[in-house]
Each structure stands twice: as structure tokens, then as C-alpha cells.
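Okay, so chain A shows up in both of these, paired with chain B first and chain C after.
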Partner chain A sequence: MKSVPFSVASRLEGDAAVIYPKGYLNNLSGESLVIECGNYISQGITKIVVNFSETDLINSIGISLLLQIMEDLKNIKGTICCTNMSKFLRDTFEMLGLIQHMRVFPVESDALKYLSAGKV
Partner chain B sequence: MPFNAIPAEDFLNRENELNYLKGLPALKGKALGGDVFLEGARGMGKTELLKQLYRSLFWEDQAVPFYYSFKTANLKGAYFAKDYFTAFVRQYLACAKKDPSLADNAAEPLPRLMPALSSLGLPWLIDCIENFEEQTRKNDFYWQLVAAIATPVVAAQKSGKPVIVMLDDFDAASRLYETSIGDAHGLISLFAESLQNRRCPHVITGSAGALDAIFTDHSLIGMTERMPLGPLPENLAITLFKSHLANLQITCASSIELEFLDILKGNPLYIRNIAKAAGKMQKQELTKKDLIESYCFEVSTGETAFYWSSVFSRYAGTAANRKAMVELLMHSVENGGLEEVARLALVSGVGVTETEAMLGRLETAGILRNKDAVLRDVIRCCYLQEIAGRDVNDVQEKIAAKYLSESEASCFELVIPMTSNAELVVAKAVEQIGKNMNLNDELLNYLQLALLEVCINAMEHGGSYEKKVFLKFITRPDKLEIVIENSGRQFSADSITHIPVEEKLQAGMKRGWGFKLVYSIMDSVKIERINDRTRITLTKDITEKEVVK
Partner chain C sequence: MSTELKKALYNISALVDLGQAITAEDAFQEKIQSALYVITGTFLANKGAILFYDKSTGRLNTLIQKGFDRAELDRVKPQDLISLGKNEPCLIGYDPVPAVAGAEILTPLWVRDEFIGVLLLSGKLNAGSYTLEELELISVIANQIAIVLNNHTLFTDLSDKLEENRRLYEEMRHIYHGTLQAFAAAIDAKDAYTQNHSHRVAKYSAAIARELGWNEHDIEGIYVAGYLHDVGKLAISNDLLNKATPFTPAEYEEIRKHSTLSHNITSKIKFPWKNVHDMVWHHHERLDGRGYPEALAEDSLSDGVRILTLADSFDAMTSQRPYRKRMDVQSAISELKKCLQSQFDNKIMLVFCRVLEKEITGELPEPDILPHLDSDSDLSIISSMLEAIIQELSAP
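Right after this comes the complex of A and B.
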């Protein structure tokens, strides 16, 4: 585990927002992730990619906030894709039985391709 | 009875005390000595010293020994008087005839002893019996007591041979009553005359706390000296233990380190009981592991456990009070002492008044002053069995793990405040501990995650005055155990519901994933409530593939 302070960056790629959470995803940082996604949703963006390449740890509160974003998007018929998850992160979601309820791609470009192809 | 003393060769390191006590009649006769109060922790051998003194006096014939144990006495005055009186007559006769069986023969009515007393030329003892029976016929409670207590003095005066009166657990005499408990305070002062008599030295034992109170009685002040009975030195403790083992035909493995016996603090009762426990467990060649197992047996279900359990019950009075008392004692063990009554009443659950009374009784019994590790383990075992509902095997395993792990393992302790991101400090700590154990990165990540979850849970359920989470990491080559404790709201395994993921997602239940992760990662998760703290014990068995070569 690296002691990196949490930060969240994002960019718009076509009609999809790509979010980069960095560090330890817990209640405090999870809130900023929710706010970041909420900003895009309020702008009418319904496709979100969360790139976890720099997320080294997530706790159950972080997970619950991620589920919150999934639910918010589901309510507006949007889609969320998770990419670049470490084995540890994938296994964590697997343990909870959540992975089958998520769209997971090895890398960000795969998720963007999937979203641009309109297979939502 | 006084004759069931251990063999004299196993009674170590008390020669000076024994010789001093044997010389008491001469000292008291010259006003150079008085009565003696044997002082020492429970199990230190006070009763055994009395028995050894009794046996020695019985055969040496310089003085007549009389032993009476208040431990098992009926404290209703009339019963006590009869019991005390007949015990004295039997023991006196036994000593005169050098026939120990007469002292033990409680079924023999007093009139049947008359011919023997007559043939020994003890008419004054026959007078005593007739006088006592007269008081009994008159139903004169007070004079029955006086007559019984005075008999050893009468015997010493009439025969010219001193009588050494040994009163074991004498503090119980302060609870003598006439018809109902507490109806006749101060009957203990009837012993004053007997204690003052120059031909009748008294050797008494009892709880120091209780006897302090008794010796505020003016009639008893100034006549009694204290004789402290300390622990056996380390080498003698080991010698005694080996001697007990030899008597039980148990040998010690050549590799055995008996330092573990240090925990017994030279207490002869504990030393004997552990040796006996090893015998009961059919050990033949004792290893260190056997020794620890015998100890665990002893503190959970053996004679030591029974002894202390009886003491707790005696001072608790009722079953409900006993439960509250065990709670208080466990609280004391966990917190290194007891604090203010109002808070302790919350722990005991019996209200401030009863808690205060209970603390008084514990103080009187000397239990609170007793800091020995064996007692602490007995309390732990009582608590786990009686309050936490654990079975005895589980309890023994828990105690054994403590000592086995202490010898084979490293132990780290950490206290974190209940502030945001404090759990990351724990994650860092477990990372380094894991590295020290050569655990692979993947396992380390999972351990960190499990710990983060438990710490977050502790912080969520905290909120008490303490605002801290206490962690203990115990590492062994094949196991990592992490104990997390926090005060505050109760959290139990029952509150963890296992709802299917689909159902949870459909119902919009976003929380409640933490313990699912913890249970998935760890091999064992135990949640307990210890007084006002929640304790979660996480265990991870380390497999070969999880260790970096």
C-alpha cells in the first residue's frame, strides 16, 4: 500500500467521462468521487469510465459509494465501466459477489470502445 | 482435619516459622510472645503450616494442639458451639491417647468418650462435658458459646499443659449468629478471654482485610503479632514441583524449562495443584507444552479453579451476585484495576448500592489486592465459561494460546485514536508485521483490507469516552492473530446479516460489505463483548504458499 493522498481527476472523451481516483478510496475520498461523477451526470453525461489504475486500496465505504454512483447512473439509464483494476481490487469485488454486476474492462480504451459502439 | 497434612519432607522453607510457633507456649508464658496471625496470599500455605504444627505437637507432647477450621463451620451459634466443643474434646483425647483416629471420629457421641476420659484421669474434662450439656439442655445460647470457647483454656489450666489453639479462617467467626444471619454482632469478641490466656497461644489465619476489621475490637488489640508467609523461592518452588511429580510417577523431559512455574509465584497450593493436574491428565514425561496444558486444565476446571470459584461464591452470596462479581473481576483484570462505583455499576448490572457492597466484600476477601497471574487466569476462565458461554475446551485453548504464543511468538500492540484515516496507520503496521513474517504482497493487501474494515467498524460503533481502538498482533510462524478492542456500543455477530448480493442491490442497500470481506479474508473471526468493550479476534493461518521464500 502506498501512502498517496486521495485525489480525483477526470476528462471528457467524446460523450463519456473518464474518472481517475487515486490513492485510498474511503468515505471521504469516495464522496469526492460521487461529486465528480455527479457533476458530469448533471451535465447530461450518462457514460462514465472509472479508471482504477492509481487506486491502491478501497474500503467497504468506498465500495458503497461506488454502488451509489452505479445506482444514480442506472436511474438515468446510464452506464458505468470499471477499468485498469488491480488483481487485488478485482478479487475484492469478486469476494463480495459484485463483479458480475459491474462492467469491467482490462484497460480504459476497451471501455471507451465498448461505450462508443453504443452497446449500452 | 488436621491429620491430612502433606509429608513433612514436602513442606519446604517453613522451618523457622514452624519452630517459632512450637515455641509459642514458652514465649507467651514469659509474656515475650502472644498470639500469631499468619498472613499471606491465598494458597501460600497458611493452613498447611497449621497442619504441620498440629502434627508435630501431637507427637512431641510438649503442648496439646487444637485445630478448628471456620471454613466449613456452621455459623449458627448453637451449632458452632457444639461443633467447636466436641472437636476440642475429641482432639484432646486423641492427643492424650496418641490415637489420631479419635480426632477424626465425628460420629462418636460424647458420652461414649467418658470411660476413656475417666481412665486417662481427666475428670475435669468430664466436668466440662457435663457443664456444656447442661447449658445445652437449658438452651442457654450465650453460655453454650462461652463454655465451648473456654474449654481449651480450662484444659490448659487444669492439666498444666499448654494448648495451642489454631483457628483457620478465623474471620468467619465475625459472622456468628444466634437464630438468623446478622442478628448477633460481636460474638467474635467472646474469643478475647481465650486469646488473652497465657497458657493458650492462638495461631489464627484468615483474610487480612477481614481480620483488620476484627482487630479494631479493643479486646483483641495488642495481643497478636503478624507472621507473614511469603512465596517459596524459585529453586524451592521447582524442587517442590518435581517432588510432587515424583510422587505421581511423572518425570520431566530433559528439555523442559520450568521457568513457566514463575507464574505461580512460589505459591505451594498452585504448585501442588498443577502437579496433580499433570497426574490427572496422565502425563508421563512432562514437556513444556504438557505443563502449559496442565496449567490450563487447572485454572479452568481443576482444583485451583474450584478453590477460587468457591471463594467467589462465598463472598457473592447469590447466583446473580456471583455473575455480577465475575463481571467486575474481569473488568478489573482487563483494565488493571477498578474505577469509580457509578461506572462499575454499569459493568456489574446490579446497581450502585449492591456494587459498592460487592466491592467491599472483594476488598475484605483480599481478592482485589491479590495480583497473581493465576487468579487472573481463573477469572478469565470463569468469565468465558459463565458469562460468554464458552465451553471448557475452548477456554483452555484460549489460555494455552496465550502462553504458547508468548513463548514462540512476537507480540505487537498498537493504540489508534478514532480519527479519520487512523486506520491507515494500522494498515501500515500490519504491512510491516507481515513483511517481518515474509508474507507475500497479496496476502498483505487482504490483511490490510480486513483490518481497515474492523477498525472502521470499531470507530463507527465507538463513540464512548475512550475514543481509542486497541490492537494486538500476535505472530507465530504458522499463524497471525489480531485482537481489536474498542469501547462503545455493543456490536455482535448477530447484527451481521448475510443478505444475498442481488437482494441487497435491488433494495438499494449500499452498506454492510465490511464484515463480508473480513469473513472472506480471515480463517476465523470471533466477536465478543468483554465488559464494556467489543473484542474482535481475527486469525489467519499462514500456508507455505503465502510465505515468500
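Right after this comes the complex of A and C.
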């Protein structure tokens, strides 16, 4: 099966950035996800929502890139929320213990509601 | 499925990821970058580094790193690591493992008995200790990384040697051509009337061969033959070569020896090009078998010989001789045409005319023949003449 080339889109919603990775997060092209988040962090954004609705699969390279984003946010006391995750993604994050270092929501709107409520 | 099983599957798939990363057609740096991501993603480490041992300097150079202080990595000493186990992960703080750049775990990389570098990890996300399974996995990964680095070193060494050989070959070629030109200058200096004749014959011959579709190696061969075809004249007396009156039969016989002398001289040289000896020896042969020194004819004459013969004759005709004036270009072309089939080859003549025509029309931006011809020549007349010959010789 031919995988979709990885790409990233994003938008600003209030004081939170919503990131939309698209495709299999499994090689160096996934660095664009780190760069996209880094751009928002450098603008002072501390709340990032990653909507995984178009990324079903991830491998160790993708996990490493996600760790980088989590580390960058941790350094500025920011928050990362992950939404719309496939079962595979959620199981993987749970098994690795990543879940404890992020907020997980079923859908993007829930995450934005949580962030706008100022609970972080 | 239990968490342990899921973790085991994740680790196996990480090895697959590593295999894909290091066997991809990417550049070396990208492979190593991918490999480091696989490692840090597998062990959830926010710090990772691969250092490569440079035998020539005795230092460890950072190939790729994430999260470490580069200055601290620069201070890692290979002698502190060489005594540790080969591709065995060592937990920092346990004697005799030295503290290195703030790493929690280090793995010296080895291929057979060769120290290759070191893999460093630190900053495990969940701050737990490394399990036995994880240490075994690090050892497997370290073996693979060491092989990748070693292969890269071998490839780089080979590339360097290849580059050095290429450079030496180019130097040799320059020296070779310089020597040939010095030879040619010595030949031409003997005969005041044929200065630069060898150079021009080399240029004309190469131009015809190129138009004929020869490859660059063979073109270089005929160029060399052009330079050397008259080297035998070095053994002919100056007085005879520069004689102002026509040769007597005996003198002509003496002059005719030069092509065999050229062959005898050049036969001592092992040329990297084919047929140089043949072209030098037979450049005065004719299609009708009335040439010299072997009176060869038709099928016995290679294309190279036929090209050199025509180029030599054309330059001889358009150059001043002690016993006659130089011929104008039109007359020389007419003379060549008159001698087709008896002396010169139709196909070679056709190609020669095409080259000259292309040089006149500017189709060949770096002309080889035109710059050496009489500057007073009327190019439009020559061009018309060439067109007519081309049409005639191209007819089925």
C-alpha cells in the first residue's frame, strides 16, 4: 500500500495552535511537525492541540519527533493536547507511557474548550 | 494483549524502522539522523548522540546529537571507552564506566577489533531504569550502527582514493600531452616550412572523428596520432627537409622513410588508445594501393588512417612549402575531390566538408579547422563549393 506523503497544516484558535498532521509519521519528513510547532512556540504560544484525524500510524521516528515537541513545550511550561487519535495511536501512546505527559481528548473541540476554560 | 507483549512488538518494529533507515537510499547524514530518531523514539530518550572515532586525529567527532551540550561531547575521550565492552551498553556511574557528557548510558561501537565510536543516551521520559530487554536491544542496535559507520568509512576511504587516482590520471594526461606537444614542436622545428603542421593535423583529424561520431577516448587517440605522425622526420636531415628545389628520386625515397621511422619510434610506446601505431605508420597509404610504406589498399585501411591521410594532405596543400606556394582553400578542396577513391575516402571527405561547412556557418562554436586557413579566403565561395560536394557525396 502506498503511503500518503506526510504534510502539516495548522491554524490559530484564540491563544492555542491547532496542528493537523497528515500521513504516516515515520520518517524525516515528519520533522515538519516539529518545525510547525516550534514556529508557534517561538511566537509565544504555549498551548498546542495536535489533531491526529489524518494520521493513523506512527513509528519510533514519529514518537521521537513527538517527544521533541513535548520537551519543547515542557521547557516553557506549555500544554500539549492530542485529539482524534486512532486506536493504534492511543494504544501506542499508552503502552509507552506518553499519555501521562499529554492531555488526550476524543475531538478537537473538547481540547479547545478545555484550553479556553483556562484550566492550564 | 499484555503491555509487555505490546512493548516487545514495538521494539521489534523499531528494529525494522532502523533497518529501513540505514538501508534507505538517503545521504549518509540523513540515514544517521533517522537512526538517532529511531533510537530516541524507542527508548523515549530526549537526549541522544552518535560520536564517530577519527583514527587520523584520535578524536571522537559528533556525527549527530539531540539534547546534549556539544562542547561536552567534544571533550569525550576515546581512551576512556576503548577498555569497555564491545557494543555493550554501560550504565554511567558503575565502575569503571566514566561520566560522559551527562549521558545516562553509553555504548562503545565496534566492528570486529576496530573501535568505531560511541552511542550516548540520556533523559528517559519516564525516568525509570533501563530493563534487561532494553539493554539487549541497545546492544543489537549498537552492532548495526557500528556496521553503518564502518561501511561509511570504507566507502569514504575508497572515494578519496578514487578521487586521488583521478587527479593523478589527469596530471599524467597533462604531462603526456605536454610531452607529445614538445615532440611535435621538435618535429616541426626541423622544417621551417611546416611549423605547427602536427598540431593542425591533430586538430583537423579530431574534428573529423568527432563529426563521424567517435567517442572521446578514440578522438583523443587520433589527436595523439596527428601529433606524432611525422615524428620520424626527426631522423631525416634538415638540409633535405628544407630543400628549396623538388626532390630527386633518391631524396624522395629518403623522405618516404619517415612514416616507417615514425612507426619505429612510436612502437616503443604503449598507448592507452587503439590504432595509434597503425595511423602513424600508414598516413601515406592510398585507397588504390599506390601509397607507402606498405602499399596497402581499400579494406586494409582503417577509418583512422583515412582521416589522418586526408587531414595531413589538406594541411600540406594549404601550407607554404620551400618548393611551392601554399594552395588556396578552394584549390585544396578541389584537389582532394579530384583524388577521391584513388587517394581519399568518399565518406571521410563528406564528413570533412560537413565539419568545415558547420564551422563557416557557425554551427560549431569552437572551430578547429577554419582558424588555421587563409584569412583572405572568400567563405561564401568555399561554402557553396562544400554544399555542392556534400550534396554529391550524400546522393545514394
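The definition used in the following text is that the second predicted complex is superposed on the first by the 117 of 120 C-alpha atoms of A that agree within 3 Å, B and C clash if a C-alpha of one lies under 4 Å from a C-alpha of the other, contacts with A are read in each partner's own complex, and residues count from 1 in each chain.
Please note the rule applied: a contact is a pair of C-beta atoms (placed from the backbone, for glycine too) under 8 Å apart; a residue touches a chain by one contact, two chains touch by 3 or more.
What you see is a predicted model, and the numbers here were worked out from it, not measured in a lab.
Trainee: Quick one: on chain A, after the overlay, do chain B and chain C clash, or do they fit? Just give me the call.
Mentor: Overlaying the two complexes on chain A (C-alpha atoms) leaves chain C and chain B clashing.
Trainee: Scan A:Y24 for contacts with chain B and chain C and give back first, second, both or neither.
Mentor: It touches chain B, and chain C stays clear.
Trainee: I'd like to know which partner A:Y114 touches here: chain B for first, chain C for second, both or neither.
Mentor: neither
Trainee: Looking at A:F105 after the superposition, I want to know if it touches chain B, chain C, both of them or none. Which is it: first, second, both, neither?
Mentor: Neither partner.
Trainee: Where does A:F88 make contact in the superposed view: on chain B (first), on chain C (second), on both, or on neither?
Mentor: Only chain B; A:F88 stays clear of chain C.
Trainee: Which partner does A:Y40 contact after superposing on A: first (chain B), second (chain C), both, neither?
Mentor: neither
Trainee: In the overlaid three-chain picture, which partner chain does A:I61 touch, first (chain B) or second (chain C), both, or neither?
Mentor: Both chain B and chain C are touched by A:I61.
Trainee: Of the two partner chains, chain B (first) and chain C (second), which one does A:F52 touch, if any: first, second, both, or neither?
Mentor: After superposition on chain A, A:F52 lies in contact with neither partner.
Trainee: What stretch of chain C clashes with chain B when the complexes are fitted on chain A: 2-10, 74-82 or 164-172?
Mentor: Stretch clashing with the third chain: 2-10.
Trainee: I'd like to check the shared interface: which positions of chain A are touched by both chain B and chain C across the two complexes?
Mentor: Residues 26-28, 59-61, 63-65, 67-68, 71, 92, 95-98, 101, which sit in both footprints.
Trainee: Hey, which residues of chain B end up touching chain A in the complex?
Mentor: The touching residues are 420-421, 423-424, 427-428, 431, 442, 445-446, 448-449, 452-453, 456, 500-501, 505, 508, 510-514, 516-517, 520-521.
Trainee: Spell out the residues on chain C that touch chain A in their complex, using ranges where they run on.
Mentor: Chain C residues touching chain A: 3, 6-7, 10, 13-14, 17-18, 21, 26, 30, 33-34, 36-42, 44, 46, 66-67, 125-126.
Trainee: Give the list of chain A residues in touch with chain B in this complex.
Mentor: 1, 3, 24, 26-28, 57, 59-61, 63-65, 67-68, 71, 87-88, 92, 95-98, 101
Trainee: In their complex, what parts of chain A are in touch with chain C?
Mentor: So the residues of chain A in touch with chain C come to 26-28, 59-65, 67-68, 71, 91-92, 95-98, 100-101.
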